[in-house]
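Shared between the two complexes below is subunit A, which pairs with subunit B and subunit C, respectively.
Let's turn to the complex of A and B:
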């Protein structure tokens, strides 16, 4: 498969690559972060649930890397594992390390609600391969939002310690929450081509409107406007460097191994 | 859980754990029944521990449905199940063989009744 076979104008193809890379990296990184709970989640049932959610996200990442690989002629595994940490384009919200359970739930809630808005804007888009995939992703992500909301609500109402931990997590993650909507180069091209229904700034407004009532009802502080929003998918720090080392271990142990 | 209004001594120090809810809600057992495909009966799949119906539903979905092995789940609080294991009612000591169908041959009577009614013998069910 070559890039030519998509029939997309070069500017559109380039913008699409940027979008797919951002989305795939988001799903890949949150999936790997959450898989760190396998074996140590608060309860056996929750251990299975969180591990299964993590697998879902890695599955979504694999599908998105597959689309990206089709556009660029790259191997999806190479896209996932063979880049240097600085070349990943996930959002800064996912760069805080696993933290405690409240951190994980706050991150999941902020990310899943934002991802739902992003997927909604891509469903029915003009590039069929992505629109079809998004139709499937939406159905799985619906459960993710349910799971995250259930826990978010419980921690917020769960008494002194759970609420204090949730507030502390929101304090750390909140300023980076909106980085899911970091403007992408070539974004106007995607909107014009009908691939993306609205600019990311508009999606951020929709997301704030969607989560506002929950934050209001639970008396929690809304995430502030992101710092340096244009760098929201760059400058990954120590926590990601560590995670990258973890998830590339096997790949680096025997480069080129066939499974 | 309600703890407002029922306290007998309004001057007493409130119970710290009740007031803050810092004691996690106790998990209880939920039995999960699953239907593997349309038309199948609901069969017992197993159980999960969860503090309430919402989390029980999440966990049942993950433990008994995440591999697309179910098209429907029933999640039932174990405490809501009417349990009957009384041997006097289920395993009475006297001979009950006369209540079992064995030893009473229906075949000839059934064939005669069919013939009288002009009905053919139904084909064996495939499953």
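Let's turn to the complex of A and C:
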């Protein structure tokens, strides 16, 4: 499968491809979901913020698809746009549709805190192209965590309706929150090669330890163990089918167009 | 490099452009390349050059006939101005009469600490507060909760009583703030 010589053993290259596809698809899908707020966010400042977050995430996805394309000899745009919905490998946490503002904040908070733990485990890894990119990503993602944490706190303490909406969002998203840490085939190879500092099950434990105090202080229910954890990056459903239709519209309108 | 040296290098580069193949090719060295880059404005912050912004990483002039290679550090991973910056570099360096290759790299992360003192002054004069040290922001100054923080001064009146209105702004690298004293809204560069 690897069309490009990277000096990596084939098993490592294959495992790395799986990891990059999962991460790139996560950033791509949450970026497009964020952009759904452009023009209609509840405040003008949040319109700017969500648009900027979307721009960041799509940029991160482009860089990750670039690394993946380098390994597989594929065009990054083709990776992003030319797959069928069933072939995307983002986590199920991102498959719930835009929802209301509380859904968006809950999704961002759960994803951003989990992504931060994942990036921490990749920083300083042995495959330089990814470790270097991660060194840059963490500087930007800190702003995302700050934004999501601020709003998460504000909704939880915001009185009856904001809190009720946040609880309802956590009720829907909670069972899928840990799908960010869905085990990946070839994961032990990545840990062995020093690309990933720890298995995803260990990262999930770290994530729960990191968010526990916030959930405790705000008296919110911690996300439960994921349903069917091994299928956490499969079975994407209707909300994603709709989003896929949206983000491939231009690509499908004029296939092969050059910009 | 001295001011006079820079001007000389720029003059050489311009001479190459003007006379083309009719004059002996000017000697191309790294300093000449960097001097030209020092006059390439950033498209989103045109009051400062890409050198003052700190995104020029490595310049490799190589032997005659080889492309001049310039490596730049994106300020943000998804910076949409990157292609424009690459094109500007290629266009300006064409004056040297050599092929040019521009590559983006994350080999070292760009951080806002790389903005030069001259670049900081240019930002301030344009009404954009330059970023404080990243280490200070990480220590809990500007990166905590949205509210009053004393460390980001107003570029208009110098007051430190300013409020973060939005951690995100018109470009990926900026935040939106306002001054409690002079009531002026302003932008500040994110410490990253």
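Going forward, the second predicted complex is superposed on the first by the 255 of 259 C-alpha atoms of A that agree within 3 Å, B and C clash if a C-alpha of one lies under 4 Å from a C-alpha of the other, contacts with A are read in each partner's own complex, and residues count from 1 in each chain.
Just so we're on the same page, a contact is a pair of C-beta atoms (placed from the backbone, for glycine too) under 8 Å apart; a residue touches a chain by one contact, two chains touch by 3 or more.
What you see is a predicted model, and the numbers here were worked out from it, not measured in a lab.
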item	value
Simultaneous placement of subunit C and subunit B on subunit A, clash or fit	clash
Touching partner for A:137 - first (subunit B), second (subunit C), both, neither	second
Touching partner for A:246 - first (subunit B), second (subunit C), both, neither	neither
Which of subunit B and subunit C A:75 touches, first, second, both or neither	neither
Subunit B versus subunit C as contact partner of A:48, first or second or both or neither	both
Residue contacts with subunit A in the superposition, subunit B compared against subunit C	C
First (subunit B), second (subunit C), both or neither touched by A:171	neither
First, second, both or neither for A:63, with subunit B first and subunit C second	second
First, second, both or neither for A:150, with subunit B first and subunit C second	both
First, second, both or neither for A:87, with subunit B first and subunit C second	neither
Which of subunit B and subunit C A:235 touches, first, second, both or neither	neither
Where subunit C runs into subunit B (options 27-35, 63-71, 99-107 or 117-125)	117-125
Set of subunit A residues, in rising order, touched by both subunit B and subunit C	45, 48-49, 52, 143, 146-147, 150
In the complex with subunit A, residue positions of subunit C that touch it	74, 76-80, 105-107, 109-111, 143-146, 165-170, 172, 176, 190, 192
Subunit B partner contacts - residues on subunit A that touch it in the complex	43-46, 48-49, 52, 143, 146-147, 150, 157-162
Complex contacts: residues of subunit A adjacent to subunit C	45, 48-49, 51-53, 55-60, 62-63, 132-133, 135-137, 139-140, 142-143, 146-147, 149-150, 153
Contact footprint of subunit A on subunit B as seen in their complex	20-24, 27, 48-50, 54-55, 58-59, 61-63, 66
